[in-house]
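Here chain A shows up in two complexes: once beside chain B, once beside chain C.
Moving on to the complex of A and B:
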């Protein structure tokens, strides 16, 4: 499979300053994340809130600036290009946001919002571009006449369709979807997820699908990366993760998926406590404070991501 | 949109009616009656009664009120007690000067303040932003008459390059010369008023730009690959304009207070100075007329503001 993106040792640190006289603290939102993205696949990115999955998604598109690390798009390092070059690059990778309402300019009709990037990148002449917007609207299941409506005149599901049409306008290769269905009703979620799947089959998009809902991710993803406190703790194919999760955190997550069978009583693993703040550095394994398989070494040595036959996991249990 | 404008006009009319009614009765609550003030102490009581009769002040309040409304419909605001001239004529003389001052002040402050606010909000935290902020806070804290006197002292007296008062030099008439003369007289009052209002525009605009820049749709615009200039001036600024327009509407109402002080300091022959004089002379009809004109202009400004906001923000129209 063709590798279209490679992320190497990506770090995004935010500097916090609570008050004038307090010490600066560093929040490690994304800490040393590496992964590859293959053409036409869907990589699921899962984790709790605060795990750095959204920041990872934004940083690989350079919507937030990486603190360090490289992002290769077709072998070209895009982590430090700027200005016009970066603007050109944006054509190839688009993002779909969690809140479809907030992410649309309330002063522009949705047609204008979708049209703008097509014209700005000079993809089509203005007349053809408007026709292209009509096509896009129909493609995502909206009437062409909606072109002239404003975002506030739509329902949540329709707005996310607009968000998708907007992302498709530039014919990108990679689409990063940041929890695109979590703000929607469950019935609408299914429609939008199916739309994602249909569009991928039709156009061969590569998705990075960020979510905290494992059943959504399971349905869409080919591979899944599990994130915890800014790190990837497990990265493998979907089937491998759901049948044979290795990391204790993943095991706990899997046990939390509800099974639609009232007679099947599976033991749930309840994790104690909350995800610690990424602003407080933890010695050793970051998951050690909540791990149910904790050993002495876990609070001393930070584990590395190890590769077990293509199944990557960051846990001392599996290291020799 | 048409229905929205109509609805606002209708509301404005009701507001106007309430305002003039309040104006009428509040002024009648003032302690002294003008006849006593006007009268020579040597005149007799009969003379005083005759005078009250002339002005129609002997009739019951409610009758006075209705004759006031009737006159107002005909466009008459009564006769000034002091100047014995129709109030309408006096206001017509003064209003253009005030309008000139107000409009130039508003236009210049907007033209300078809004872009300054947008840019300093965009460049939040930089040296540029901090300097703009400091100057704006300084401007907001200034006491108008003090600034007026200081400017007069420096430019009118010490340097003697600008006139110390009035709106024009008597004798100069017509053509470019007159135009320049009026401009010269306008500079100091204009600077004084600008100093106060500029800060409002800068700070409000700056604040709403900062808010808007953190909105999701700004991130969307960037992710679409929009040029930074377009992100700021198209996506951010237009959305940030709604609070600024509302503020502008309110500020124009508040400008009256500034105009009274400024026009008095600079002996500017406008409505503000006329109000100041009318208060000290208890000249009801002039005050009444002035308040009605002011109320009318505030109401009109509010309607304009609302319509402008509805144009700027498509979400407003529906509700």
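Moving on to the complex of A and C:
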């Protein structure tokens, strides 16, 4: 498969200042993250709050500037390009957010909102562009008359369809979707998930799908990266992850999901304690404070991401 | 569990209306159910189905522009809807306690955790401040907070979401209520923290024998926690039953649709099942069965009349014309 993006040692640190005189603290939101993205696949990024999954998504699109590391798009390093070049590049990569309401201008009709990027990138003449918007509305399952309506007249599911139409407007190659269905009700969530699948089959988009809900991620992804406190702790194909999870965090995360089956018998693994703040670095393995398989080495030495037949995991258990 | 145990609380035919722009809008329509001793009852449905309004009616905490023109809520031989504010205040927090989705909004940001828990004991048990604080430490231990002496001196913003929910549970359980109403208690939490909180709620239920009314949109949480489940849609109960009947033999097209539209961890389907359309807003509730515009099996009758509530055995009830005909019941509305 064709590799369309490669992310190498990506870091994004934020500096925190509690007060004028206190020492600066560094929040390592994304810490040394590397992965590849292949054409037409869906890479799922899962993790809990503070795992850095959203920051990773934003940083690979340069919506947040990386602290260090490289992002290669078709072999070209885009981590430092600026101005017109970046603008040109952006056409190929679009983002869909959890709450599209926040990204839609309340004073513009839906049609105008979708039209704007097409015109500002000069893709089409205005008349053709309007036709393209109608095409897009149909594609995402919205009536043509919605062109003239305003964002507040839409339900959550419809707004997410608008968000998707807008992302598709520039015919991107990569779409990063950040928790696109987590604010939606179950029955509507299913509609949007199906839409994501249909569009990928039709146009061959490459998705980076960011979510905290493993069952949604499993449904859509080909490969899954599990993140914890700014790092990838496990990265492998979806089937590998669900049939043979290696990292104790992945195992606990899967075990914690409530299953709609009242006869479920498996004993749940309940992790102790809270997710530590990414601003208070932990010595050794970052998961060691909550790990149920912790050994002495874990609180001393930071484990590397090792590759076991294509299944990557960051845990001392597997490093011999 | 369902048979035998005594009814602790009974909601009978309650109707709730809102006054919106001088127009009466019905948000709950003849809702009836009961909670038995030691039972966990789940109230499920999507946004706007009326599940939170049901719990707020029980607590008598409905917004000012609403009223309950019909129905009764029986608890310990009295109708909660007819108690005066003083009588209600002695039940609220004491015998029926409630926790919410976002504990930050129900904790007071300018008082320490200790002060807020102690207040309950001072109020309901007339305790001295010092004894109340000692008891607060005790109660925080009960919800597995590791250094309670430190936590009672902290303010809500200094705690994580999971810790805040533990504090809320400690407060809610502090007067040994008979019923705990938990409105989406884990929705704002991460999965691994959710697992901790659900585990805690289960443990406390065993220890205190309290009944729980669990309100959630998450069918996984329901399957895991509940003995009895009530499914609501557009302000009405559409189906209810013991947890096994409901998950293994759902009858209402809405319940069936909801269960089918969940992406599953165990099996792979090519496409997810969807329910067409969206939940209507209370102003636009349709005539007849409120689910009829979204139902694939709807007949002309469904659009016209309200379906009857029919029993399928002791612990399973459904409100649907098609099911009624299937089992050969005569339909009397």
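Note that the second predicted complex is superposed on the first by the 317 of 320 C-alpha atoms of A that agree within 3 Å, B and C clash if a C-alpha of one lies under 4 Å from a C-alpha of the other, contacts with A are read in each partner's own complex, and residues count from 1 in each chain.
Definition applied: contacts are C-beta pairs under 8 Å (C-beta built on N, C-alpha and C of every residue); 3 or more make two chains touch, one makes a residue touch a chain.
Predicted model only: the values in this text are computed from it and were never measured.
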Note to self: For the combined arrangement obtained by superposing on chain A, do chain B and chain C clash, or do they fit?
What the structure shows: fit
Note to self: Can you tell me whether chain B or chain C touches more residues on chain A?
What the structure shows: C
Next item on the list: For A:212, select first, second, both or neither according to whether it touches chain B, chain C, the two together, or no partner.
Entry: second
Next item on the list: Kindly classify A:271 by the partners it touches after superposition: chain B alone (first), chain C alone (second), both, or neither?
Entry: second
Next item on the list: Quick one: classify A:188 as touching chain B (first), chain C (second), both or neither.
Entry: second
Note to self: I'd like to know which partner A:297 touches here: chain B for first, chain C for second, both or neither.
What the structure shows: neither
Next item on the list: Write the angle, vertex at the C-alpha centre of chain A, between the C-alpha centres of chain B and chain C, to the nearest 10 degrees.
Entry: 80
Note to self: Just checking: does A:252 make contact with chain B only, chain C only, both, or neither of them? Give me first, second, both or neither.
What the structure shows: second
Note to self: Rounded to whole Å, what minimum CA distance do you find between chain B and chain C in the overlaid structures?
What the structure shows: 10
Margin query: Show me the chain A residues, by the header's touch rule, that chain B contacts in one structure and chain C contacts in the other.
Written below: none
Item checked: Residues of chain A that touch chain B when the two form their complex -> 61, 63, 87-88, 90-91, 94-95, 97, 99, 102-107, 113, 116-117, 120-121, 150, 152-153, 166, 169-170
Margin query: Touching residues of chain B toward chain A in the complex: what are they?
Written below: 215-217, 219-227, 230, 235, 238-239, 312-315, 318
Margin query: For the complex, give me every residue of chain A touching chain C.
Written below: 48-49, 155, 157-158, 185-191, 193-194, 197, 212, 214-216, 218-219, 242, 252-264, 268, 270-272, 274-275, 290
Next item on the list: In the complex, go through chain C and note every residue touching chain A.
Entry: 46-47, 160, 162-163, 190-196, 198-199, 217-224, 243-244, 247-248, 257-259, 261-266, 268, 271-275, 278-279
